[in-house]
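Below is the structure I would like to discuss, written out as structure tokens.
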């Protein structure tokens, strides 16, 4: 029974992870840049939602009206000032640049909200639903649903829309896309901004489900890296698979071992995947 | 080669005279921290700057060294001057163990993998009984000595480690090994087809770059007398070490020295007058500025190909 | 009689594409061998297999009777096989001389100290005409000198067998002639066996003792330049390519 509960919780949590990871995966796939700041931006959105909730009583989901555009703006600014100058140059530059940005973000969050742990606690945050022997927490369900919308929406967008196909083309073969008239810079920008936008949803969900503090982004970015690498870069299906594997693995670990070891799972999986099969489960780019 | 060598040894000897004066203990502390970060940054630079494999988790080796000496103290009560090199060996051995699968990885994946190593070690250190768990470990000097003497001795030991690191860096830079590493950095495949034994040289660079941080960490544990996973495996140590090398000029010997000195002093100033959060913002801003506008570091400003 | 360098049944696939299709290929000692074929016929892949950058899925590479198929690229270099790259890959943060020093220090049979590698490198710079550019950075060199640097580095490893990958691409006719003369010197004065991949057709035909033609990873012709040129299979492989007029001459 404990196993069933663990697996269900793991799947729910995996869905939540997937919302954030899919943006990261698309960014990595299209721009070949690892957005180290992804989790920190999500966290920032969680903090904004926290302030909206604690000061104005705005429900966290509703505050997406504020945080989503903010995230898109941040993404746009990042692209213009940080990403554009290092596109196509050695990956080390973008990595360091984004790490610097992360430090700035973390510092800002520390200054504005201190290191005290916070949480988003609307009235439904403590409730849960029981189906048979399994308990679903409301916030996790909500998070899973929100993630489903994001991931599903992105998947449809990538497959059906013109822009989506342009993005996929740029991911697969930038030079061919260029030759076919795709403005790869513009596509890269859109992909990046969209990816960062998903961080807003991810952050809000994160804030609902977990207690958060500024240094948490480090833990979260590790999970996201794990999912992206495990699932294979640039593949939405891969992200879903990777997120589910991670969620379930963490959940099982927390059930049968002291819960603290669950933190390790993402990093261990990440390293093992890099060592054994860097392309991941579904990726083509190694 | 002769001039940088003389300057390095000379400056170290001068610095070693400090404890003999009546200067405040704080100054000894500051110089010890500077020497330590010079060690860390220069060692990182052997693998990152000289060879082109930037490790994003180099703090892990520092932490390994610190835990090694702290555990050896707990279980056997040994002196730091004996156990610090053991800390270095443990760090080097660990790096050798992960070397083969890790050094094969592409630049960005190498960065993620090394960063992950740091986290894994931190979590293990924090939760494993053997390493003291969340309570951390103590490494206390014998009560018969006074604080100033102990700190001075550790300071001299740290200077010695720093000197060793710099001498190795100077030697590598001007030796056949340095040429091989530069070739690996600039074109690993071409280097291979021109006869450079890339795997062997990368391994050598890795071991050299992890031994000294491990030893420095070993000394540090005794210096602050109490360590825990949060402190010694902190991710910012890894990032700051990269920043120091890049700020000064990666790929040179003087670069990390310059970068480390500047940033440690800046860090002390900020911590004394403002909060740690401001330091994060500032260091982040410096890192971004250097990458965007001065990727060759401060030394590239002068246009020289330094030491 | 054993061949100097022999590839037997070498196959290499990349995803769905077969780059080398159970290829048999051999080089005789002391010859200048031209290796030609349309784009994508597998010439560079073959060089990559011989020099140890990639492992074939099937087949063997044998050099002077010794199998080198799975050796690391540096070991193959030390056995006496050197190569240049189609797009020059100098060590960009080292000077021209230092580039050659790397090769002289590591590429030869025995480890060589820097103080001995330096004069050796200087000699090779002089041989290829780059003597005056020792302190220049590779990024500052014009194309023809970058190609010469590629050649210099390869020669500094004291090879017995030299694989040249499109070393004349982008050169004007005067530069091509100079390059051809250098290749002849390399074989005649230094006794180095040369395999040259080229698209500059007249150049290859003029300097080669023997020509091998690849198409879709297979050898479709092998013989004297004048015979290969009139071989109908070769003309067909190139039909539609810009080289057909050159071959018909």
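Labels for the chains are A, B and C, by order of writing; each one numbers its residues from 1.
Methods note: contacts are C-beta pairs under 8 Å (C-beta built on N, C-alpha and C of every residue); 3 or more make two chains touch, one makes a residue touch a chain.
Source: prediction; values computed, not measured.
Distance from subunit A peaks, on a Cα-centroid basis, for C.
Chain closest to the overall centre, judged by the mean of its C-alpha atoms against the mean of all protein C-alpha atoms: B. Subunit A and subunit B have centres, each the mean of its CA atoms, that are 32 Å apart. With centres defined as mean CA coordinates, subunit C is found 48 Å away from subunit A. Separation between the centroids of subunit B and subunit C, computed from CA atoms only, is 43 Å. Touching subunit C in their complex are the following residues of subunit B: 174-176, 179-180, 182-183, 185-187, 189-199, 251.
Subunit B meets subunit A in the complex at residues 54, 56, 101-102, 105-109, 111-113, 116-117, 119-120, 123-124, 126-127, 235-236, 239, 242-243, 246, 275-288, 291-292, 295.
Looking at the complex, you find that subunit C touches subunit B at residues 51-53, 72-74, 76-78, 82-83, 85, 89-94, 98, 101-103, 105-108, 111-114, 117, 153-154, 157. On the subunit A side of its complex with subunit B, the touching residues are 34, 82, 85-86, 90-93, 95-97, 99-108, 110-111, 218, 222, 225, 229, 258, 260-261, 263-264, 267-268, 270-271, 274-276, 278.
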